[in-house]
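To start, I am sharing the structure in question, which I have written as C-alpha cells.
Just so it is clear, A, B and C label the chains in written order, and each chain counts residues from 1 on its own.
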Amino acid sequence: MTIKMNFKTFAAAGALLVGTMAFGAAQAAESLTVVSWGGAYTKSQVEAYHKPFTKKTGIEIKSENYNGGLAEIKAQVEAKNVTWDIVDLELSDVVRGCDEGLLEKIDLSKLPAGSDGKAAKDDFLPGTLHDCAVATIVWTTIYAYDSSKFKGAKPTTIADFFDIKKFPGKRGLRKNPKVTLEFALMADGVAPGDVYKTLATKAGQDRALKVLDTIKGSTVWWEAGAQPPQLLADGEVVMTTAYNGRIFNAAAAEGKPFEIVWDGQVWDLDLWGIPKGAKNKKAAMDFLVFSTTTEQLAAQASWISYGPARKSSIPKIGSYATKPDMKMGPHMPTAPANFKKALQNSPSFWADYQDELNQKFNAWLTK
Amino acid sequence: MTNAANAIAGLETADGTPLKAALARALRRKRMRAVLLVMPLFIFVFLTFLYPIGLMLFRSIDNPLVSEHMPRTVAALKDWTADDLPGEAAFAALTQDLEDARKSGAAGRLATNLNYQTGGLRSTITRTARQAGKLEAPFKEKLIEISPAWGNIETWATIKLLSDRFSMVQYAAALDRKYDIHQNVVPLPEDQQIYVTLFMRTLWMSIVVTVSCLLLGFPIAYMLASLPLKHSNLLMILVLLPFWTSLLVRTTSWIVLLQTQGVLNDLMVFFHIINDAGRVQLIFNATGTVIAMTQILLPFMVLPLYSVMKTISPTYMRAAQSLGAHRFLAYGRVYLPQTLPGIGAGCLLVFILAIGYYITPALVGGQDGQMISNMIAFHMQKSLNWGLAAALGGILLVGVIILYWVYNKIVGVERLKLG
Amino acid sequence: MSLSTISLPDHAGPSEIIWHYIYIVICTLVFMFLIAPLFVVIPLSFNAEPYFTFTKEMISLKPEAFSLRWYQDFLSKEIWQVSIRNSFVIAFGSTILATFLGTLAALGLSRPEMPYRAAFMGILISPMIVPLIITAAGIFFFYASLNDYVQMTGSYFGIIIAHTVLGTPFVVITVTATLFGFDQSLVRAGAMLGADPTTVFFKIIMPLILPGVISGALFAFVTSFDEVVVVLFVASVDQQTIPRQMWAGIREQISPTILAVATILICVSIMLLATVELLRRRSERLRGISPG
C-alpha cells in the first residue's frame, strides 16, 4: 500500500522533472541574458535599454547581477557553456578578458553615427571604444557621508575620509585593493598624476597600506555596489566609498541625507562585452548597437547620474526621470565642478599588479 | 577445535563436493550479493565525488601552459643557472614562442599564469607578444627595450620555474613560500604571508567552536538523558529543529539578532546596559562567526553525547555516593569517564565539520572571521588562480581525511547519529 | 515544565539545591540559544517597516505595526517563483536518486558477509564530511571537462547529480540504523517457508526499513533544498534556487522579504522534523526496541 503510493509519487515527480527541463530548454531560445551590477544601476539600464529593446524586437531579456570580475565569464568559457550573452564590464576586465580570449571581438563599424551625424569613432569619447567592448557610461568611485551625522564641519576632501579624529565614526570601503589604495595615496598627498607610479613601487604600496592602517579598526568592508547606501542608511557607517550613481539614487529617489565628496574621485568606464561563444551572439550584438545609440545613452542618464560615453548624448541629458525639476547635469561625475581633482582608473596598471596587490591586501586584512 | 575442523573437512555434500568448499562457495556467493548491492552507489560516488576531487588535486600540481606554449624557451633555458642573463639564443626562442602564442591565442593565458608568480609580468608578455612578429635578430636588446623586465634574471627564473609541467609551486605558495631564482624554497616577504596565518586561525576558531559546543552541549545532553523519555522527547525537538532548518535561515537570524542596529543591541540600549553610541560589534567579525557556528553545530555534539549518556546506568553514581563520595567527586571520577566516548565522538565530528565551514564565515565573518574555505572560494571565483585554490583545498583535505580516519577508528562511522 | 522533574535526592543539602537550580538555569539558557534565533525571525517577518528590529509599535502590539507586505513581495516577484520551482525540481530529482542508491547500498552494508565493510562505509559517508567548497570545486572541474559531450554545468541534470552524491550518506546512515540488530534469521525463516527473495524483501525487510528510507529521503531532500555552494559553482541563471537567491540577498542588501522566506522555510522544517520523529518512533516500536 505504502510502497505503491511511493512509486506514484516518484513517477509524478519524474514527469514534473522532465517537463521542466524541456520547458527550460524551449524558453532559452528567444531570450537574451544581460548581466550587470544590480540595484539602481541595473534599473537604469532596464528602463533605458531593456524595455525599449524588447518592445522593438520582441526578444525577452533576462537580467542577472554580478559583482564584477572575469571569474564567471572565464568559468563559462572554459566549461564551454556560456550562458551570459552580454556583460557590463569594467575597463581593466575588458583589457584582460580580451587578452585572454574570453571576449568576442566587436565589429565597431556596426555602431551607428551620432544623432548629429558624426561617425561613431568620433562621437564616442576618447578611449571608450575597445576591440572587445563598447563603453556606455563614465562612472566614478567617490565617498559619501550621512549629513545628519555631522552637525558642525562637513568632510570636503579625500583626506577627511581617513581623518578619524576630525570626523569620528565607522567607514565603509570596498573589500578590494582597486581604488581603495588610490584613495589612500591621494589622501596622503600624492597628486593624481603620480598615483600609479607610486603604487608600482613597494614603498608606495606600503605607504598606502599605512594610511589604511589608521582606519582599519573602524572599517566595514563591502563587496556589492548596493551595499554602501544600505550601510549609510542603516547607520552602520557614517561615510563610505561608493559608486556615485548609487548615492545619487538613494538621495534623489529615496530622499536620504547623503552628500557626495567629489575630491579625489577615481573614474572608470563601464563597457558592454560579449563572452566568447555566447549562445545568442547575434541578438547580443543587436542589443549592444541599440543601447549605445545617442538616444538610449542619453535616456539612461536620466535614471542615474553616470555620464554617457557619446558626446552627442551629453546635450540631450534632461531631468531626473521621476522629478522633472531636477537637472541631471550637475550630478554627473564629469561636470566641471566635480572633476577638479579626478583620477582615471588605470586598466594597464591593474592588469599587471592585481594579483600581487590582492595578495598583499588580503595579507594586510588578515593581520 | 582441530578435531572439529578435521571432521568438517571430511564431510561431503549430497553431490559429492567437500562440505568446506561448498560452504566457502555459499559464503562467496553471499559476499558477492552484498557487494553487488553496494556497487551502484560506490560507482556513483567514485564517478561524481572521488574522481572530481582527484581532478582538483591534479590541478594543484599540473602547470601545462609554459611547457606547452613556450617549448623553445624551455629548451634554451635547460642548462641556464640563473647567475647571469641567458644568451641571445634564449631571447630568440622567446620571441618565436611568443609570436606563436599570440597566433594561437594563448599569449593572454600565458601572461596571466606567469603574473601569478611574479607581479607585473602580464603586460610584459602581452606587449612583447604583440610586437614579436615584427622583430628581427639580434633580439636581446630589442626585447629589453620593449620591456625592461627581460633584463631581470627574476623574469627568466620565473619562466624556468614554471617550465616543468608538474611541480609543487602551488603548494609552496599555499604555505607562504616561493622558489627563489635558484629554485630554493624561501619564505615570502612578511607583508605577503597570509595562508599559514589563515590555516592557524581556521584551526583556532574550530577549536573554540568545538569547546563551546562541548560546554553548552554537555549539560543539556545530561538533562535529556536523565529525564523520563516523554519529557526528554519534547526537549529533543528543540535540539533537532535547528538541525533541520536551513543554514541560510539560521545565519540570517544571527545577523538580525547581532548586528549593531539589531535586536540584541537594541535590547541592551533599552535596558541601559550600553548607550546608543556604544553599540557593540557582535557580527561581521570572528566573534559573530564563532557564535553562529556554535549554534549551528551544537546538535552534532548533543546527539552523540546523549546516546552515550543514555547507556550509563545511574546505579554507578548511587553506588559511588553511598560509598561516601561527594556528589561532585562522584561526577568527576565515575560519571565523566564513562561519557568519554560520547565526548570524543562529538568533538571530532564538530571539529571536522567546523574546519571546512564556508557559508557562515562568508556571510558573517567580516574581515577577521574568514576561514581557509573562504580563501579557496576567493581563488576559485575572484582571482581565478585555480591551481592555488586546488593546493589550498588539498592541504585542507588532508587534514580532514586524517581526522575522519581517526573518527572512523575510535568511533566508527556507522555510529553516526542523525536524530 | 519538564525541567523541574529532574529529581533531587531527598537528602540534598542547601548547596546541592542551589547548584541544582543553577544547572536548570544553564540548561534553559542553552535551549534558548538553540532556538531563539529562529523565533526572532518569525515576528520580524511581519514587520510593517523595512527594519530588522522590533519597532516600538510592534512591542506595544499595535495592529498597524504588522503586515504581510513581505510575504506579498515574496509571492509577487517572478524570481522567487522560479527559485521555488527550481528548488523543488532539483530536490525531488536528487532525493529519488539518492534514496534508491543509498537504500541498496545500506542493504548490502548491513549484511554480515559484506567484506571491507568499514572501508566502504567510510567512503560512502565521506561526501558528508569533506568540506563543501572542495566538493564543489572538484565537481566544477569535472563538469567543465564533460561539457564537450554532455551539458553538465548550467543544467538541472548536473545539479541533481551533484546533490544526489551529497544526499546519499544520509540515506545510508538512516537505513543502516534501522537494520542495526536486524535478525537475519527472519530472512532465512521467510525463505524456508517458501517465499522467494522478492517476497521476502517486500514482506519482511521493506516494512522494517521503510521508516529509515523515508527519514533518509527527507534528509536528502533538505540537503538539496538547502544547498548553495555547488549551485554557486555549477548552476547558471536558469537554475536559480531559493538558497542561492537568499545568499545573494544576504550578501547585498537584506530586505525583510528574506525574513518572510526564512519563516516559511522554518515552518517547512518543523513539518519535516515532526514526520521524521513519528517515523523513528514507529520504527523503534516495530523492531521491538522499547522506548525506555
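As a working rule, a residue touches a chain if its C-beta (ideal position, glycine included) is under 8 Å from a C-beta of that chain, and two chains touch if they have at least 3 such contacts.
Worth saying up front: this structure is predicted, and the values here are computed from it rather than measured.
Chains B-C form the pair joined by the most contacting C-beta pairs. With centres computed from CA atoms alone, B is the chain lying nearest the middle of all the protein shown. Chain centres here are Cα means. That of subunit B falls 22 Å from that of subunit C. In this assembly, the C-alpha centroid of subunit A lies 33 Å from the C-alpha centroid of subunit B. Note on chain placement: the centre of subunit A and the centre of subunit C lie 38 Å apart, centres being C-alpha means. Shown for subunit B are the residues in touch with two or more other chains, namely 259, 261, 380-381.
Touching two or more other chains at once are residues 140, 251 of subunit C.
Along subunit A, residues 75 each make contact with two or more other chains.
Subunit B contributes residues 27, 30-31, 33-42, 44-45, 48-56, 59, 216-217, 219-220, 223, 226-229, 231-235, 237-257, 259, 261-263, 266, 295, 298-299, 327, 352-353, 355-359, 363, 373, 376-377, 380-381, 386, 389-390, 393, 396-397, 400, 404-405, 408, 412-414, 416-419 to its touches with subunit C in the complex.
Of all the residues in subunit B, the ones that touch subunit A in their complex are 105, 107-109, 111-112, 115-116, 119-123, 126, 191-194, 197-198, 201, 259-261, 284, 366-368, 370, 375, 378, 380-385.
Residues of subunit A touching subunit B in their complex: 69-72, 74-75, 96, 98-101, 175, 200, 206, 209, 219-221, 234-236, 348, 351-360, 362-367.
Considering their complex, residues 85, 89, 92-93, 96, 140, 143-144, 147-148, 151-154, 156-157, 160, 202, 206, 210, 236-238, 248, 251-253 of subunit C touch subunit A.
Put simply, subunit C touches subunit B in their complex at residues 1-3, 5-6, 16, 23, 26-27, 30-31, 33-38, 40-41, 44, 51-54, 101-102, 104-105, 107-109, 111, 113-115, 118, 120-127, 129-135, 137-142, 145, 161-162, 164-165, 168, 170, 172-174, 176-177, 180, 215, 219, 222, 225-226, 228-229, 232-233, 243, 246-247, 250-251, 254, 258-259, 262, 265-266, 269-270, 272-273, 276-277, 280, 291-292.
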